[in-house]
């Protein structure tokens, strides 16, 4: 199996400068580590806990910045889509279209995303069993696009808590799709802070190490120069200054696991 | 508190004839029982488990039928909306716009629905704590529409299973919104049949009785003349021939509870 | 079906005076309401969260008090057993031996309890599916004692939270055993206060109403003259002064449900 | 941190010959791998799903065999205790007394075990949050015994399913006690086969790798020469012929993790 890649970047695109700065910093780290990097940011946080939560720059403003990152830094980019109509527009600039977890059963969105021919990265709903992601894959493949990535990001476990079932990784891999572990949203405490979601970034390395040891194609880790002042997902983003050391540890585990007798 | 009302009808609109037949039959029952009835059907099942699952008549074909039911039978009608753009169109004909559970955090959909001025019925996500529905209510009220109904339809409980936490009913009632118990989807086994969702209609009366005893404004119960051959949600729909007796039992409990010393 | 009975009393036996006072007060209420009463108290809380939690009077001191309550007030009594050796001793005085939820799979305890010939009341483990209680029943019946009651007291739901699945009541009733709903421990928050368990008594009437509407043989409700100063389970015990009104409401629902067309 | 050790052996002691054969085979593997081995077997399965499930040789017959394994092979041994009175007797022969998960809150058992002065290995209840194991530790330490090991073996997740929350490992490590991951019972499906518990041994290596990558003091893995004909826990035991390769993979991950920058 190929070494792990990483989908990384700040949760939302805050400004052109911020995005370019983060992308450059991550690119340097990825080059030093020799790891594949796909730059991630959201142009719109369409399901914030509250109306007053910042939603991001918006599609029109964000696409040129993604294009600039792609061209000047040579990085592939990934972002979420929320409505069928967004897919074609987003796909002009974006390499990987990500289907949010809440929307992983919305047939029209999956079809519209599939039709772009881009890579489709589907996050498993918090309400879904891993074996049921086969149905989401079938909707994309059945629409003519076999480039599907699946992502584990935690399952509902009582109220305001998610749990990461590591068995979900090999189960989803049975679809034949590469499986990505989202270590950022897996430590989210949905709605846990009243009008916003909480989280605990101390467990990002814990769960990421576990997932890499189980065997994954890649990781999804949001990172930010100053997470405690980020407009969203601050509690569960990794500080950019800790990102390189974290990835180094994960690569070491990945190398051992993928050279073992019987990798997943 | 006012006596319970009921949102009832077949899961999806199958044809004009089928819809009128069901609506007439339900109207007669409601009149005999003296119970408020809102006729329910979906024009599009936008999140079927698999691509090949029947999705319904579609918006354009269904709206005239809803209009006919409303005019000829005098029944208010409720249906789901899935995309922001649908809201204004649907609202021309439909009294109550229902926000599907998976979409209860999609801000744009909630705002677009709110802006129609219609009654907005929000289903609680299977992944959400009851106290967090306050945030969904705030999005609608903050968009200028105070006519919000909340609906309990089960919480994720391990894989392929939902559980109905009866404490959710008084907790959601603290928002001031009337609370509806959806006895049909609460007995769903999501994805439980591989390429479609299972369910167990034997527990519809069980959970409905429980919810009425706790104290609710109304019930949501899908019913069908021949559930075992219905295109969706068959395993958890109540046969139309059993509907009247079920409602009679529920009304009896409701009367006792609402005349008690300290109703919820 | 027979009208509901109630298992009631303070969580633990605190003193002879306290026990007699509670039992007398409850007896008067039961007579006014015409409801069957089994007096409940524990002589030993064998699984307190912390070592310093008060455990109760102990077996030797408690049995004479139970005997006195039984003789002078004519009330049947119920208490927990924790070790196989306790069963025969306890059975000399106690009418109903209760198997704690954590111990519902301990074969030796079930057999020893069964052998006493007393009524055996088994609480469903928080970790057990309702259909699996059949196995616990079989252990008692297979040991020659067919007098078994089953009790629902909540299922683990994430951390520090229980949820009451009302479907568990008819499922356990399929064993043929009368089913009791424990409204006190169902609202427990296990370990939720660090060194002791929390709870929320506001939901005792909510869940009790739901269970009675579903259809049960009886309720288990701990009550105390001053719950906030009780040595255990204070947060989820009902104040004795509220007990009569609560039971009255529950009886009204029970009457309606058991006279309905198709009771559970 | 020290390299991982392993608690291994067949679920129950079936006969002297069987036990000596398993222990010898495991000892050879452990020597080849240079890994610490504690031989595990149960003398009594006190909480079988059904009365007819085989319970093992019993205490009197098993203790001499444990003594023989200890003396002739020089292996430390671990077994479960279920009743306070068993502790002192068992402790004469056994190095590590294991408290079963269902019994982790039984104060008398914890105290009796603590009083033996042996190492006490407490399995976390399926119904308990990891932070609440602090209370179980305090009961043992407060009884004068600071030699406590904690074990994760899965948390209740809906019905008939357990989930392993890898965050539980560092959370329990905050007590200062070494943490063991039980990869065998974590893949159990409690009661999942009607009258016996099911499981899926394919996930033993998956969860074991994850736990080792998170960072643990040791693993608990039941193994058997012929699991499919074992009297208990067959579906989740690893075939003895696969044990060495599994441990080798786990040791490789352990070495990388414990030499990393910031091990747990």
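Letters A, B, C and D mark the chains in the order given here, with residues in each chain numbered from 1 onward.
Going forward, a residue touches a chain if its C-beta (ideal position, glycine included) is under 8 Å from a C-beta of that chain, and two chains touch if they have at least 3 such contacts.
What you see is a predicted model; the values in this text were computed from it and never measured.
Asker: Could you name all chains that are in contact with subunit A and with subunit B at the same time?
Answerer: C, D
Asker: Would you identify the chain whose Cα-based centre sits farthest away from the centre of subunit B?
Answerer: Max centre-to-centre separation from subunit B belongs to D.
Asker: Same or different: do the copies subunit B and subunit C touch each other through matching residue numbers, with over half of them shared?
Answerer: Same-residue interface.
Asker: Per the centroid of Cα atoms for each chain, what is the distance between subunit B and subunit C, given in Å?
Answerer: 36
Asker: So how far apart, in whole Å, are subunit B and subunit D when each is placed at the average of its C-alpha atoms?
Answerer: That gives a centre separation of 48 Å.
Asker: Just give me the whole-number Å value for how far the CA centre of subunit C lies from that of subunit D.
Answerer: Once rounded, the distance between the two centres reads 33 Å.
Asker: Spell out, as numbers or ranges, the residues of subunit A touching 2 or more other chains.
Answerer: Answer for subunit A, listing residues that touch two or more other chains: 155, 157, 159, 163.
Asker: Applying the document's contact rule, which stretches of subunit A touch subunit D when the two form their complex?
Answerer: Residues 155, 157, 163-167, 169-170, 187, 203, 205-207, 209-215, 245, 248-249, 252-253, 255-257, 260-262, 264 of subunit A touch subunit D in their complex.
Asker: Please name which positions on subunit A make contact with subunit C in the complex.
Answerer: It comes out as residues 157-159, 161, 163.
Asker: Can you name the residues of subunit C that touch subunit D in the complex?
Answerer: 46-51, 55, 82-84, 102-103, 105-108, 125-132, 135, 138-139, 142-143, 155-156, 159-160, 190-191, 195
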